[in-house]
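Please read through the structure below; I'll follow up with questions.
Chain lettering (A, B, C, D, E, F, G and H) follows the sequence in which the chains are written, and residue indices restart at 1 in each chain.
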Amino acid sequence: MANQASHSRRASKKQAAAVPPVVSVIMGSKSDWETMKNASDVLTEFGVAHECRVISAHRTPEVLTGFATTAEARGIEVIIAGAGAAAHLAGVTAAQTVLPVLGVPIESKALHGLDSLLSIVQMPGGIPVGTLAIGASGAKNAALFAIAILAGKKARLREKLKQYREKMKRKAAEETLP
Amino acid sequence: MANQASHSRRASKKQAAAVPPVVSVIMGSKSDWETMKNASDVLTEFGVAHECRVISAHRTPEVLTGFATTAEARGIEVIIAGAGAAAHLAGVTAAQTVLPVLGVPIESKALHGLDSLLSIVQMPGGIPVGTLAIGASGAKNAALFAIAILAGKKARLREKLKQYREKMKRKAAEETLP
Amino acid sequence: MANQASHSRRASKKQAAAVPPVVSVIMGSKSDWETMKNASDVLTEFGVAHECRVISAHRTPEVLTGFATTAEARGIEVIIAGAGAAAHLAGVTAAQTVLPVLGVPIESKALHGLDSLLSIVQMPGGIPVGTLAIGASGAKNAALFAIAILAGKKARLREKLKQYREKMKRKAAEETLP
Amino acid sequence: MANQASHSRRASKKQAAAVPPVVSVIMGSKSDWETMKNASDVLTEFGVAHECRVISAHRTPEVLTGFATTAEARGIEVIIAGAGAAAHLAGVTAAQTVLPVLGVPIESKALHGLDSLLSIVQMPGGIPVGTLAIGASGAKNAALFAIAILAGKKARLREKLKQYREKMKRKAAEETLP
Amino acid sequence: MANQASHSRRASKKQAAAVPPVVSVIMGSKSDWETMKNASDVLTEFGVAHECRVISAHRTPEVLTGFATTAEARGIEVIIAGAGAAAHLAGVTAAQTVLPVLGVPIESKALHGLDSLLSIVQMPGGIPVGTLAIGASGAKNAALFAIAILAGKKARLREKLKQYREKMKRKAAEETLP
Amino acid sequence: MANQASHSRRASKKQAAAVPPVVSVIMGSKSDWETMKNASDVLTEFGVAHECRVISAHRTPEVLTGFATTAEARGIEVIIAGAGAAAHLAGVTAAQTVLPVLGVPIESKALHGLDSLLSIVQMPGGIPVGTLAIGASGAKNAALFAIAILAGKKARLREKLKQYREKMKRKAAEETLP
Amino acid sequence: MANQASHSRRASKKQAAAVPPVVSVIMGSKSDWETMKNASDVLTEFGVAHECRVISAHRTPEVLTGFATTAEARGIEVIIAGAGAAAHLAGVTAAQTVLPVLGVPIESKALHGLDSLLSIVQMPGGIPVGTLAIGASGAKNAALFAIAILAGKKARLREKLKQYREKMKRKAAEETLP
Amino acid sequence: MANQASHSRRASKKQAAAVPPVVSVIMGSKSDWETMKNASDVLTEFGVAHECRVISAHRTPEVLTGFATTAEARGIEVIIAGAGAAAHLAGVTAAQTVLPVLGVPIESKALHGLDSLLSIVQMPGGIPVGTLAIGASGAKNAALFAIAILAGKKARLREKLKQYREKMKRKAAEETLP
């Protein structure tokens, strides 16, 4: 599992081994990183140990199977999967784990993410994917949703979420128009 | 909170008071029940105490505010919100609680739920709604996702989820074509 | 209500207190101002006292409730609400006041405002939002519609509307092609 | 103006002449009545004198011009226009009067009202149409919006609107799930 | 009818009066010219006398009525109407003349001409508009279609159309790939 | 050309040979007749000699080439082509004749004619197809448009068109609401 | 591989073992059979040995991996995969075999197969799925396409395809309109 | 067939005659080359002799008929057709040959390829077109699909496909995030 595409954005080099990730942020292609780093940034801001990896349902299906079937045993509690166009990553991951899987539709070139959205959200009964908005907002919100899930066990995170909301409110209240 | 729209599907009449709900299934209109009972049925099957209520972001905004701002204190851990057309219920609920909120787009008459889906999933950065598929599949999956969230704390539920998957697999394997 | 996001575009600094606003232009985010200033500019051109504020249904729901439930008492007669993507601002405002609420769908990044439009216009029976076009044309027209409403009581505004139309016709008649 | 397509739903036969309509409900075709009667019913419920007429922007353009250019002089204060498919009725009416014009997209056969909606709502800057939802909900809400406009002058209507909302809230609160 | 927006692209200054237009190219706004000049250019190439005018169904409805009701008497044989968004120009023109009316959907900002297309093409039974493609191709083809109509009476034009096709074929056959 | 799919709806059996068709109504499949008979009925009502044939761009391309390349020589002046889904009939016909070709998008099963519409209307510059509405309205209007084209040469048809419009207006004026 | 969902439609019971399938028709759910039997029927008509199985990318991912990774070794030459909504079956199969995979979008309940289509066709560069039309036509055509592929090696099938086309042409030529 | 639009990208000048093409890449317009060269590049990389030509279903229908009806005799085994907007090229080709035809929807200006996709994929039962994704990914995948077809006869190509996949996997595995 220690492949090169994996990295822990939060951990400094020394502590990396000490803080095993609880959230896994995967994406179908390196080009999705521009969107998905918004998820990683929020997780970092909340101090949530996480890993970010490129895994493709189409190019590396065995890696995906390996990832999905061992995630729970590795201590992962939530998976965030971003993919575009015929976006199968989230659904195929969800099919191979009972962990909660969040899907982020990447804005695709021709159809602007409508294809990504429908490919992710319209899952058949039995295998859920909690889907967020197309693009950067969705990536950011996937992280916040993952934190809300983790907060069910960690009071500290719930407090941080409340503070985050308060900060957001204050910032909104301070916005002035030209 | 003991209004008539509330009920606990799981509890027998005697035990109702003894098992406080941990999942709240709300919907914008009584007519959404045909879809949302799929969520309730799955929660019942997994033995998850839950309540089902009609609360409208448009017709009863104060009730919604009351519900959303007190849900955490009442012990609710996940909220499932189903609504159709200009479906604001999930988003407005999510704006007033840090609990995870799952959205189920009800199939609307004219646009077949495309309006419901976009109204629910395209949330701005900051306030996430984990969105499921349009209609009955989405309702069923919202319940399964809620259970996956709860399973983070309750090993029993995680086991049940795995058994549920196994049963689904066996059933699929046994399907014969004419 | 004297918060920093509020301002009266029409009033000169001295007279600001003397002319209470009758139209309120609210928007979900500061970034919507580029669109919504088209509404403010028309209101200013017609000499209609108005205020412009950033209020988010998602980030500042209590502020929105405070705003919507007191708008009538403050003398507001029409509310114009601009929002994008899962655009709940207009609908949630309309749910908390009986004043006429006009909705302006902001052009969103991925879906170009189709999500904004459907989220605003597809309101359920009972709570109307008068919806205008996506983007700048819609913002401009929301102001003209607000003026048409006010003109029911103020003959002066009806005359101004007729002059505005005449000017538009003359301008159109004078357009020459290369 | 006393043509056969015109009628006042509220007035009993004797009083018809005594109560001139203040709202005009027009529609492009007799087949739109099934939708548009929802507007008429609400206006009747609120005791608002109104007329209902079939006028087509395509089949009877002169009648439409006659109607639109004289509506204000006849005492009409709000126009509600329902039309389907390439729905030009609301926009062409709005082009010929400065009265507020509300548009109701009729659900069309092939495209389910998406064509009607876009044809009505996407008006260019200068000529607004306040657009409501596709179908019956939109017709009902057009009437409520018209009443909200009229309520700016008539305190009685504003009170009635508040009572209507209260009734709606009570009814929602009393809804029980099976 | 000699207004400033009118011009004959084909006629040299001296001969303008001598060649009355048989095709009228109208458009809702000056900004549509960039698209509609493609129609004018083709008509010029075929030597078809035509006029190009800005007439808006919304801003100048009386001018449109004047135009449409007198076009046949003025010798116009085909009308080409380009408009965008809630594009009513072609339909409202067709409602006021029995001349063939061709519609060109202008590419709109937010919805890229899908709204223009549906507003033009989805005409109710009784009033036809022959609709071409969105944008420049549509404008060019409207001119070619107008010429095909005129060619029913003028053998010279039919020959020119055949030559045009031949030239197009030769050009296609000569295209080489890099 | 005397195949069994061809018939002249207007002609009585004896006179069939005496009145050569000037309009050709073709359709991709026999199942399109339910829609396309609306075109035939209007042509019959106007006394326009026409033929109706099943010709498929996909199943019988040589027949289509034969038809399209000889239509002009046979005296056909306008072609009406109805097809559904990936509707290539109108465009491929237009590519092989300089006669005006009108396209009628048949309402398809899954996408309700949106595919048919886009396949017909979005022709590239050079080969125009005048496209009408999806379904029965479009078929009816294709016939009326064909008549408007023919009316350029036949004063009698222009008069009939005007009478048709007058009748339509009278009928609309006489419509009464319940 | 001898599971109950597998069957060979062509083979009589005795010969089943003697004719190993060369085409595999898989589908995500038993309910897809109504659509997919159109593929099986065509293959049977052409005498192509094939198997039909229910395999779900979501419910039975291991079965799918087993199927896809061994199909080539089992002598399968073409795979036809039908699935609906978030239809991942074809893409995930294609990711695990270099055999040609054809995708059939099943018409889904809410979005009528638009979701199925985009989920199947919008594959990223590297892993192709040859996609056919939504629904029964697509299933039938998938079989014909598979036969066209096999015909590259088997002259007999190419002849049969030509005969099939001829029959189709004759049938089309014999269609008479009422 | 030796026209100027034809070329063999693989062959060096001397060997061109020696290696007759087995795949034909055709496109409706020279401007489609930017997309379609992705198909040619992959074929070249796999050493598959192919030709690339501009043939338009609309501008050069006879050339298309000539091409399609003789392709099999010339030794072509797979045809790849790219076209945009009302994209008839693939379907009309498929109607005139029993060879497998792959369609690539070119991204169109206004509707971003949704029109191209529906025009290509929604073929009626009887004439299949195997459709790939909109744009460059689709062109690349059309080539890979053609190779998968050819690989049924040529073990060497199947091996190359497997190596291609392996390389893709290695490359994916080596992708590192910033």
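As a working rule, a contact is a pair of C-beta atoms (placed from the backbone, for glycine too) under 8 Å apart; a residue touches a chain by one contact, two chains touch by 3 or more.
In this text the structure is predicted, and so the values were computed from the model without any measurement.
Trainee: Keeping to the contact definition above, tell me which chains border both chain D and chain H.
Mentor: E, F
Trainee: After a C-alpha superposition of chain E on chain H, what does the rotation angle come to, in degrees rounded to the nearest 5?
Mentor: Value: 90 degrees, nearest 5.
Trainee: Name whichever of A-G and A-C has more C-beta pairs touching across its two chains.
Mentor: A-G
Trainee: Distance between chain D and chain E based on Cα centroids, please, to the nearest Å.
Mentor: Result: the chain centres lie 35 Å from each other.
Trainee: Just the number, please: Cα centre separation of chain A and chain B in whole Å.
Mentor: Computed value for the inter-centroid distance: 21 Å.
Trainee: With centres defined as the mean C-alpha position, give me the chain C-chain F separation in Å.
Mentor: Spacing between the chain centres: roughly 47 Å.
Trainee: Among the residues of chain B, which are close enough to touch at least two other chains?
Mentor: Residues 29, 56, 59, 85-86, 111-112, 114, 121-124, 126-127, 129, 133-134, 137, 168 of chain B touch two or more partner chains.
Trainee: Which of the chains touch, listed as pairs?
Mentor: Between chains, contact exists in these pairs: A-B, A-C, A-G, A-H, B-C, B-D, B-G, C-D, C-E, D-E, D-F, E-F, E-H, F-G, F-H, G-H.
Trainee: In their shared complex, at which residues does chain G touch chain F?
Mentor: 107, 112-114, 133-135, 137, 168-169, 172-178
Trainee: Okay, in this complex, where on chain C does chain B touch?
Mentor: Within the complex, chain C contacts chain B at residues 28-29, 56-59, 61, 65, 84-88, 91-92, 94-96, 108, 111, 114-115, 118-124, 126-127, 129.
Trainee: Taking the complex as given, what residues does chain G use to touch chain H?
Mentor: 38, 77, 98-100, 102, 117, 121-134, 136-137, 140-142, 144-145, 148-153, 158, 161-162, 165, 168
Trainee: Which stretch or stretches of chain D touch chain F in the complex?
Mentor: Checking each residue of chain D against chain F gives 3-5, 7, 29-30, 33, 37, 52-56, 59-60, 63, 85-86, 109-112.
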